[in-house]
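Pasting the structures here.
Shared chain: chain A. Partners: chain B in the first complex, chain C in the second.
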Partner chain A sequence: MGTDRGSQPEIPLTDGTEPDGIPLLQIKALHTQFETKQGTVRAVDGLSLDLYEGEVLGLVGESGCGKTMTALSIMRLLPGNGQAVAGEIKFEGKNLLECSSEEMKRIRGGQIAMVFQEPMTALTPTMTIGRQISEAMEIHLDLSRDEARERALELLEHVGIPSPRARFDNYIHQFSGGMRQRVMIAIAFSCEPRLLLADEPTTALDVTVQAQILDLIKQLAQEAGMTALFITHDMGIVAGSCDRVAVMYAGRMVEIGPVDDVLLNPRHPYTQGLLGSVPSLDSKPGDRLFSVSGLPPDLASLPTGCKFWPRCPLADDRCREEEPMLEQYGESQAACWKVMPLRVE
Partner chain B sequence: MTAEANTQHELFAMPEQRSLWQDALEQLMRNRLAIFGVFVALLLVFVSIFGPWLSPYDYTQQNLFRINEGPSLDHWLGTDGLGRDMLTRILHGARTAFLVGLIVTIGTTVLGVVLGAAGAFLGGWVDATVMRMADITMAFPDILLAAFISVVFREKVLELQLQIQEQYGWTLSESNRVYLDYLVIFGALTLVQWYGKARLVRGQILSLREKEFIEAERALGASNWTIILNHLVPNSLGPLIVSITVGFGGAMLSEASLSFLGVGIQPPGASWGEMISDSLGQWRFNPHLVLMPGIVLAIVVLGFNFLGDGLNDALNPEQRRR
Partner chain C sequence: MDEQPLLSVRELVKHFRMPRRSLLRPADVVRAVDGVSFDIWRGKTLGLVGESGCGKTTTGRTILQLMRATSGSVHFGGTDLCQLSDKELRGFRNGMQIIFQDPYASLDPRMTIGKAIAEPLMIHKLCQTRDEASERVQALMERVGLNPYFNNRYPHEFSGGQRQRIGIARALAVDPDFVVLDEPVSSLDVSIQAQILNLLQDLQDEMELTYLFIAHDLRVVRHISDRIAVMYLGLIVELAQGLEIYDAPLHPYTQALLSAVPWTDPRLARKHQRIILEGEVSSAVNPPSGCRFHPRCPIAEERCQVESPELREVQPGHWVACHLA
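Up next, the complex of A and B:
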């Protein structure tokens, strides 16, 4: 595998492009593949991404573009037929892909926590809420049962479960979806992890609850100075909750930058398409506005050149043959041959 | 789901942490029918162990001067057509019923768990073979198949016994021949009733493997043992325990049916089903001879079903009514 394919150009980090400091998590040219009867599915194909201490990064893209597999690669929890075949995932200087499974167990839940999409099924039906929250702390923090219980009660209260004492011995079927997600969040934050991976934490909830849950995660992450990767389909969530946003297409990154910049000046036609499906009051006349038509690509047989060309209204011969790399445009980076330099106003 | 109950006992001190099993036991104890089931089961165990010492008669002892009698002081439940004490035979029938229930349940559980788990874990042709075998077994009416197996096997087992007798000079006493009956019944019923548990176990494993909470546990850094003991087992054991309990009653009922049809326990062995068919001719004149074993059988099977239902409610938190 060409390991340097798709990696970012070496550009000094002095122009305010990216937050200062060293990245907490560094993904370098990650290739995650599935062996299937239809062939090799490239779920993540040369993705590079840095997450800086304390930032909230949104990861967006259509269904099936590899967002979840990126998160599961970090956790080393890929499904059986999947494997991270090349690349590096550095967390606090350690390459997670080379860690022993014992080390990974310590990191999972302890230093990197994950909130799943489905609160309805991500909790064990036969164990009380209280036990489930205590469990992680007993594993990672070496707390006694009593101490863990005490802290679990505090956590329940902190995530806004009314009358936590009475709720402690409940089972999940006695909780609504929003409350279950609060419990999941309590579990994720229980061991004060440094990095939070939230995989569409609000997709399964209704709109008013979504906002509450997002606020909760944001508030807790801020309090703890936590770094977070927010996976979502929803540009509204990105606008409201994230510092930077990365747009994924067919297992690779096509655009990344500060949220304001990317949402106001999307450079990649795919990002424009994603945003085009969100009605916007301040779109200026003459802006290219379209929704993405056509089907997501078959990850087992990707097109040559730019992976987006079959669906891109601007595609030409060069797009079909040569793959564009990420380039710096203003504060953001995008991978497209047709990006105009930013208008100076 | 239920947003009420928030405000209940807010004043409680520190809640104790409770396990599924504690909760289940408490729940079970609150269920009157289940308590009845527990009582029946314990009584059955007691009687089947101590039965012979509870009555002054032997279950094969005949008194031809006192046949088809009603209840009296020295024969509390009367005597049957050969003058045998009814109470003694019912007590001994309990031993038969319990043995059949126990051994057939163990047999079907072991067979079902092994085959079901093998199918789920190995997949491919193993799974296909197990499932086709289950389909075929299921396609026949249980009792017919069991009757067929028991008739065929009895001959084979008897032949084997004769051969052994000729070669080694062992002779089996009359009462030992009853244990041959047992063997045949155990085998026949196990072969007929394993598929339910195999399908159950296979389904449990397949569905649990895909459950997100198992993955969420891994994401917490839980070890494999924690996951298996705290999450996989409790979530799959509940349905299996219920199926075992109900299957216990089912096995006893099947044995009674086979014996009633004359292909189960052979005279002079005592079985409730065989007692019913024996005394059927006396139905007009001495209905108690039919009623006694019938009622006992019904109560015991019902008790096990109640217990199964109670366990089902107790082990499945979603069924709990608080």
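Up next, the complex of A and C:
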């Protein structure tokens, strides 16, 4: 494709099309379900997604669309009543869903690491942060306690914690929100994972700190040649940090493609609605925002046909009866009977 | 803008005394709001932005006299609210309302939402009979996009966006002139955010409401505000017409904030040169000397460490507190 990105070489954007080669992570027809009193909740409902070596893929959608459950399915960290009932998740040729819990322990935190939205709940309050970082390295990298300590100090410095030696024996409550997220990033990167899952890593942070953290993740991932899945509800973060973007609705993918193509020329009405919901620099203050009406569907009783039709301004009889599959449009794929470009350049 | 502003805040100060940690040392004082002045005209929106802990929420609550100011004045329709007794204030309460970030925390979980919306009507004796109140509740629920059929339900049965609609209905029940919106959409999904922003704008047009819109998302603030004030460590560092701040920010802090905004246009995201601020916001207990922003400022000079810059009008309607702007 060869878009000109020469003006800013420090951002490791690929050309955005599906990179060649074998994907590092291959999700095939994944179904993750929860048994609840209301019935079976289909959190992920037939999702297929490939992640290629070295790319940063943004996974976007509203709360409850299945983004986090996709990540937790990969990590095999689903809550008790949830289970990946069908499909496969292939990581380096191995189906993670069939791995023993011993194997998963080695992969989790080792080859695949995850950064959570709320560091306060993801980190242990009763263990010093230094201990938490070195523990992972002692387990996964087989380092001695002293070696791990040295490396942990380097990492803390690398993620921008001032005076790491003094902070090493601090507890997590002694850190600010941004610093906590830096600690979690240090842990995630400590074992040099090949795949990073970042679940809303900056949602709880202020804008300036958010920018610092996003830049940090981007820089570290680039240095290590890491592949990353960025889960967010904010298209702005996708625009600045990702190569490709996948839009999820009701547990399935409705659109996927290179960031430029999807954000500048969204095909699916849901993607258009998500983009229109965020005020842009072009919009005039006071204009009405173009939004998605209504609420996300009840995952325990999904509508027939296209799952988006109850909220879609374009829906007709066909949409209500038949579910659209992903089709290729230009560089992207969208699942919609009514695909029509909103903004043609 | 010749007419009198509806709200006039002058040199507003709110300090909090921390519990004493030692007998030998005086108690720490958090200088949450440290001399803030601005005006809001009827029917307009002032956006108040800044990072966590900069004092924007305290400013909003002190204006409404939910906390009493340490010093300064808040003139609302000509009356200085800071000089009124609690009893005298009651008469003004229905003129000013607040909508909180977390509508769930601000609703009584054991009160049906119909009752919750009717409560302010009864307290302020705006409805004489129960029937009149329930009629009014029905109209309000319809107006904010809730099905009146649900008035017997409890807050936990609603989604975040719907709860925020309940909060809006409650605030508007007493027909206020002025509403403080404290991060009203920051806990909502983007699609729901847009629905609520549209609703707030429609209501403003219909009821000629005056808003103080407190938020940290600069995209949202740009969309809804006529003028914008940027706060840093208890002080306003820049104040101007909305678009002017975005087109030509003068304060280095505003510039850094704006450069960190994640716009959804990928071309813009790449072109944008981000100004990364060093470190984090200093403590409001011992704010830095001189300009409070100087430890993080990329262009600070010696003078900035000593002399505190005044908020001055550098262009008509554009105020900035920086020696170098």
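In this section, the second predicted complex is superposed on the first by the 312 of 345 C-alpha atoms of A that agree within 3 Å, B and C clash if a C-alpha of one lies under 4 Å from a C-alpha of the other, contacts with A are read in each partner's own complex, and residues count from 1 in each chain.
Everything that follows uses one rule, which is that contacts are C-beta pairs under 8 Å (C-beta built on N, C-alpha and C of every residue); 3 or more make two chains touch, one makes a residue touch a chain.
As the structure is a prediction and not an experimental result, all values here were calculated from the model.
Of the two partner chains placed by the overlay, only chain B lies in contact with A:Phe168; chain C stays clear of it.
Residue contacts after overlaying the shared chain place A:Val209 against chain C, while chain B stays out of touching range. When the shared chain is aligned, chain B comes close enough to touch A:Leu77, but chain C does not. Contacts of A:Met325 after superposition on the shared chain: neither chain B nor chain C is touched. With both structures placed on the common chain, the touch criterion links A:Ala315 to neither chain B nor chain C. Contact with both chain B and chain C is seen for A:Ser176 once the two complexes are overlaid on the shared chain. Of the two partner chains placed by the overlay, only chain B lies in contact with A:Arg106; chain C stays clear of it.
When the two complexes are overlaid on their common chain A, residue A:Leu263 makes contact with chain C while staying clear of chain B. Once both structures are placed on chain A, chain A residues 162, 176 are touched by chain B and, in the other complex, by chain C. Of all the residues in chain C, the ones that touch chain A in their complex are 51-52, 159, 161, 189-195, 197-198, 201, 216-220, 222-226, 242-243, 246, 256-257, 259-272, 274, 276-277, 279-280. Residues 5, 7-8, 11, 13, 62-63, 162, 176-179, 206-212, 215, 233-240, 259-260, 263-264, 273-283, 285-293, 295 of chain A are the ones touching chain C in the complex. Looking at the complex, you find that chain B touches chain A at residues 1-3, 5-10, 12, 14-15, 17-20, 23, 211-213, 215-223, 226, 230-231, 234-235, 238, 315, 317-318, 320.
Interface of chain A with chain B (complex): residues 75, 77, 104-110, 113-114, 116, 118, 121-128, 130-131, 134-136, 139-140, 145, 149-150, 153, 162-163, 165-169, 171, 173-176, 184, 187.
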